[in-house]
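First chain A sits with chain B, and in the next complex the same chain sits with chain C.
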Partner chain A sequence: MELLGIFDATLTGSLLRFATPILLAALGGLICERAGVFNIGLEGLMLAGAFGAVVGSYFGGSALAGVAAAVLSGVALAALLALFAVRLRGNEIVVGIAINLLASGLTVYLLRSIFGVKGAFQDPALVGLSTLRLPGIDGLPLLGPLLSGHTSVVYVALLLTVGVQVLLFRHVIGLRLRGVGEHAEAAMTLGVDVGRLRTAAILVSGALCGLAGAQLSLGNVTLFVENMSAGRGWIAVVAVMFGRAHPLGVFAACLLFGLTESLGFRLQGLQLPSQLTESLPYVVTLASLFVFRSRTSRG
Partner chain B sequence: MSQHPPTAAFELQGITKRFGEVVANDAVDLSVDAGEIHGLIGENGAGKTTLMGVLYGIHRPDAGEIRVAGRRRRFDSPLDAIHAGLGMVHQHFMLFDSLTVAENVVFGAEPERYGLVDRAVAAKRVAELAERYGLEVETGALVGGLPVGVQQRVEILKALYRQAAVLVLDEPTAVLTPGEQEGLFRVLRSLAAEGTAIVFISHKLPEVLTLCDRTTVLRQGRVTGTVVTAQSSAEELSRLMVGRTVSAPKIEPHEPGETVLKIESLVVSGRGPDPAVDRVDLAVKAREIVGIAGVAGNGQSELAAAIAGLERPRSGRIRLGSAELTSLSVRERRAAGLACVPEDRDGTGLATAASVAENALMGFEGRPELAPRGVLDSAAIDRRAGDLVDQLRIRTAGVRAAAADLSGGNRQKLVVGRELAHDARLLLVEQPTRGVDLAAIELIHRALLDYSSGGGAVLLISAELGELLTLADRILVMLGGRIVGELARESATEERLGLLMAGGG
Partner chain C sequence: MSALRELLGDLRGPLLAVGAAVLVGGAFVLATGHNPLLAYGAMLTGDLFATLSRAAPIVGMGVATAIAFRAGFFNLGGEGQLVLGGLAAATVALALPEGGLFTVVLSIGAAAVVGGLWAASAAFFEFRFRVPLLVSTLLLNYPARLLASYLVNHQLRDVDSGLPQTERIADGVQLARWGGSGRLHAGILLVLIVVLVVAFAIARTRAGYRLRMTGLNRRFAQAGGVDLRRLGTSVMFTSGAVAGLVGAVQVLGVHHRFIDNSLTQPLWAWTGLMVALLSGSRPLGVLLAGLFFAAVQTGGFAMERVTEVPRELSRVLQALIILFVAAKDRFRLALARTRRAD
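Coming up: the complex of A and B.
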């Protein structure tokens, strides 16, 4: 009874909230993966987005300005990744790691130079994302808290999942993207510009990670903490493998990771040590890596 | 044939292409008419692929010009060539395994509706094309799961979908079974009848003689002749290719010696529930070459793997002299007197990133004269490799050059030479001349015959019936994992073998 009791409104209400940043970043990673780019810079791109969101919201005075700045920050950093990994043909793993380190150091530096604080920045002038109540669903037990009362970014993420599915498997660009990822030389002989498609994929992943960052710093909370992405970008990398670079599979994987995060959050309420509960998502990630070692076959 | 002069679909005039010091094409002229099937033949490294690369916009020529349908053209990329009406079927297919046949064909020029791929229209157009040219394909099937012959049809469809007036096929029969090859020839003839100009690159003379209207021969980057095929002969073409007359080796009558290899009711598991090798019995004697014929995939590879020790048989016995091989490791088998020339030259036969000398050393690294007290003596190793290179006339920049930098024929000579050097009692040879040019074939055949007359036993697995008929004293035919027939040298013909291979014996 005690155990089942944790599946309450607090838990269901936080599920999508926690899953969304991972989902957005994973969708970006998925698009890159399909284009033949293993993007492990998701973590850094997300962190840049989270910081950009706070800057935009603080100086722009609105959540929308925050989201716009978040997306721009993600795209700007992704452009750097694309420049080195695609245009200059660097090793994408090395460049990706560099991007992650750069984002981590740069946000800490800018936090001090712009806001003059260390560790975390919180200010009444920060405008967070408002939540939407879905009429008709809001009042329902369980479903209400599960689906209603989230930020617009959460709903955008859900729509984007469907959008990526359509783009990849129905749209001309998606067909070419998959072709580029599978056999770049063949795509080239058919007149498809491989570099341009890959660059576009990386930039889109930057925008999606920026959005993920906005959900972190303006949605789930309204503040910036150093390295607040806290491994979610890495979990997104795993979610892409786990979901076999398939939008619906990746969505399911992100729900699982979101659930473990919200479970950890919920268990804190039961006076369990937070070191234990917060480690839950990472333990599940590790376990899933063991279970789904192969990312070679996909549908 | 019509009376008025046919129009050239494309012309290459004075094409010269250099790669550093090497002149790959030297003032080459080539003109192919609409509706013509034009053979382009030459030894490996004669410049065929480079010439077609120039035509297809992969290489920029240093001199000369390209005319397509009378207009002078300059191609900066394959895309320019495609737009000008050229299509190429590469030797290594340019296909997307995870996409469907229709998606592969329309890729890059997809029928759209609101930006989405119109799959119904794509499938319909591809089906119509396939129907029109007799290229049977299932438009919805995933390409990765299709047989090679069907994948090749998809490649041809890709060119046709882009309305190619010129179709270049680079060694298209290298990967096909005899039946698939017949089908390909039918398609090419019907395409030519509709006015497509076809360039057929090959180094198999019988194919060129049956299929092509005219044939251009390249040797060392130059055109040595363009002939009307019907008025030419295999002798003339091979002389133009090699620069001298190539003669079939003479076989001296000889008596085989004692039994060296004896296989009894050997069964090897396959991927499916049926065994790949099913109760096979065979024997090879000293001074005897026993050939194994069969359509690829009828158990030959598995039989070889079981003898070599790469696959554990389910049951049966393999005896080499007095040794029972089935319980021995690969190393022990080699010690018992086995040497192997594997089917996959680059994957199994060689370490392509390693040097010629290192590849020649493999299997000999324990010899005290090459590695005293376990320390490699590189001077001795290089000297030994140099002898091998001279003996088999392997063309290489030196024994320290990477094996990958050698041409296919020279890599094959390296493997054959190394294995012959073991002086083993039994030599197991798989596809010794696949993708190898005439001069190298002649040399490899000579080496195998010398080895046999010197007392060695040879088990020769080959997809080339001509090769088996030339070399083998007896030919066994495999079908569905079983030996379904045996022909002695005197009674073996290509027709009788073909019939047995198809299950009509």
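Coming up: the complex of A and C.
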């Protein structure tokens, strides 16, 4: 009985909130994977987005400006990733690692030179994302807190999941993308510009990760903390493997990982040591990897 | 003569990458409203002792990563292995304060075993369950860090200090210090010995040959009789053991206790990884590149004291260098290929 008591409104209400950043980043990773690019820069792109969101919100005075700046930051860093990984044909894993480290150093550097602070930035002038109450659903038990009362980014993420599914399997762009991923030479002989499509996929993943970052720094909280992506980009990489690069599978994986994070959050309310509850998402992510062996082992 | 030419050829890529990063970094400093010439000028006035004591963990973590990279295995888990090693070293040192040198050896040994086992567990997941090392080693960092943080906040906490840290290690168990305002310690020498041993082992022993062959071509090595699972597990164990040893060096030689976040905050593991990438995972190259990155970091501190530019510029520069190195490698490969086609 006590165990079931954990599944209350706090838990269900935080599920989508925590799943969304991972989902958005994983959708980006999925698009890259389908185009034949193994993008392990998701973590850094998300972090850049989280920082960009705070800068945009602070100077633009609105959450929308924050979201716009987040997407721009994600795309800008992704452009660098694409330049080095696709145009200059660098090793995608080395480039991805470098992008993650660059994002981590750059955001700390900019945090200090723009806001003059170390560690974290919080200010009354920061405008967070407002939450939407869905009419008709809001009052329902369980479903109400689960589905209603989230930021617009959460709903956009859900729509984008459907959008990516349609784009991949019902649209010519998706067909070309999958063609490039499955057999680049064949796609090339059919006149598809492989490099351009891969660059586009990386840029889209930058935009999605930027959005993920905005949800982190303006949705779940309204502040920026150094390295606040905290491995979520890597969990998204696992979600892509776990979901076999299929939008619905990836969605399910992200819900699972979001659930572990909200479970950790919920357990913390029960006076359990925070270090133990915080490690829950990583442990479950690792465990998921060896329960469902990944089809593509690239290690 | 040809050896010299080869060395210069090997250095050309990294040097070009450094030059490109300095240019881009300078433009970036300019864009954030500072004078890049002043910033770089101040960076050059680093202090030698500070650089040496900073180089020890960087080079150590670089070699740890390089062992795995040379065999073609990813180890992004240096951070967790380092932290658990440091924690193990502190625990042993605190349990046997009377032991002197014996405790030091035991403490370093425990650190190496714990770091090694943590890394080997990722190898076990890879070979038993096909969990990619790239992801598993990275994800293992978080539970390791959180576990250490938990222990040092609870069971192992020095209740008198008010900080998340263990009690101070007995004087007899600390590594010897020689001058340089106490910044030169026996741990630096120990790391140097490890580099030389690893360099020798990779270049001149049978195990090193197997490791290199596996790194060059895994299937060829397997066809030649290399047991991939066994080699991979021992390579990962060795890699993690060196990382654990670095943790012990920092705890016994510098901090004299285990302090929460003290091994993760300076990003030793990640800087070491970058150094391994910059040097093409050759141990002596790691030594050179590690000294260079340590100098860049101490230069960053000097720069911050003199100018308004935050010292995190060194982190930006390091990451840019790795970006350019990644591209550079491919250029060279492409060149080699066209040459062969001729």
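Side notes on the structure shown:
We take it that the second predicted complex is superposed on the first by the 295 of 299 C-alpha atoms of A that agree within 3 Å, B and C clash if a C-alpha of one lies under 4 Å from a C-alpha of the other, contacts with A are read in each partner's own complex, and residues count from 1 in each chain.
Quick note on the criterion: a contact is a pair of C-beta atoms (placed from the backbone, for glycine too) under 8 Å apart; a residue touches a chain by one contact, two chains touch by 3 or more.
This is a predicted model, so every value here is computed, not measured.
Annotation for the three-chain superposition on chain A: chain B and chain C fit side by side. With both structures placed on the common chain, the touch criterion links A:F224 to neither chain B nor chain C. Look at A:R170: by the touch rule set out above, it reaches chain B but stays clear of chain C.
Of the two partner chains placed by the overlay, only chain C lies in contact with A:L276; chain B stays clear of it. The superposition of the two structures on chain A yields an angle of 80 degrees at the Cα centre of chain A, opening toward chain B and chain C, reported in steps of 10.
Once the two complexes are laid over each other on the shared chain, residue contacts for A:I97 go to chain C alone; chain B is not touched. By the touch criterion defined above, A:R178 reaches chain B but does not reach chain C. Touching more residues of chain A than its counterpart among chain B and chain C is C. Contact with neither chain B nor chain C is seen for A:F51 once the two complexes are overlaid on the shared chain.
In the superposition on chain A, contact is made by A:I40 with chain C only, not with chain B.
Between chain B and chain C, the shortest distance over C-alpha atoms in the superposed arrangement works out to 5 Å.
Considering their complex, residues 166, 170-173, 175-176, 178-179, 182-183, 185-192 of chain A touch chain B. Only residues 77-79, 82, 88, 90, 94-99, 103, 107-110, 112, 115-117, 158 of chain B touch chain A when the two sit together in their complex. For chain A in complex with chain C, the touching residues are 40, 80, 84-85, 88-91, 93-95, 97-99, 101-102, 104-106, 108-110, 112-113, 230-231, 234-235, 237-238, 241, 273, 275-276, 278-279, 282-283, 285-286, 289-290, 293-294, 297-299.
The residues of chain C lying in touch with chain A in their complex are 32-34, 73-74, 76, 125-126, 128-136, 138-143, 146-147, 149-150, 153-154, 270, 273-274, 277, 308-310, 312-313, 315-316, 318-320, 322-323, 325-327, 329-331, 334.
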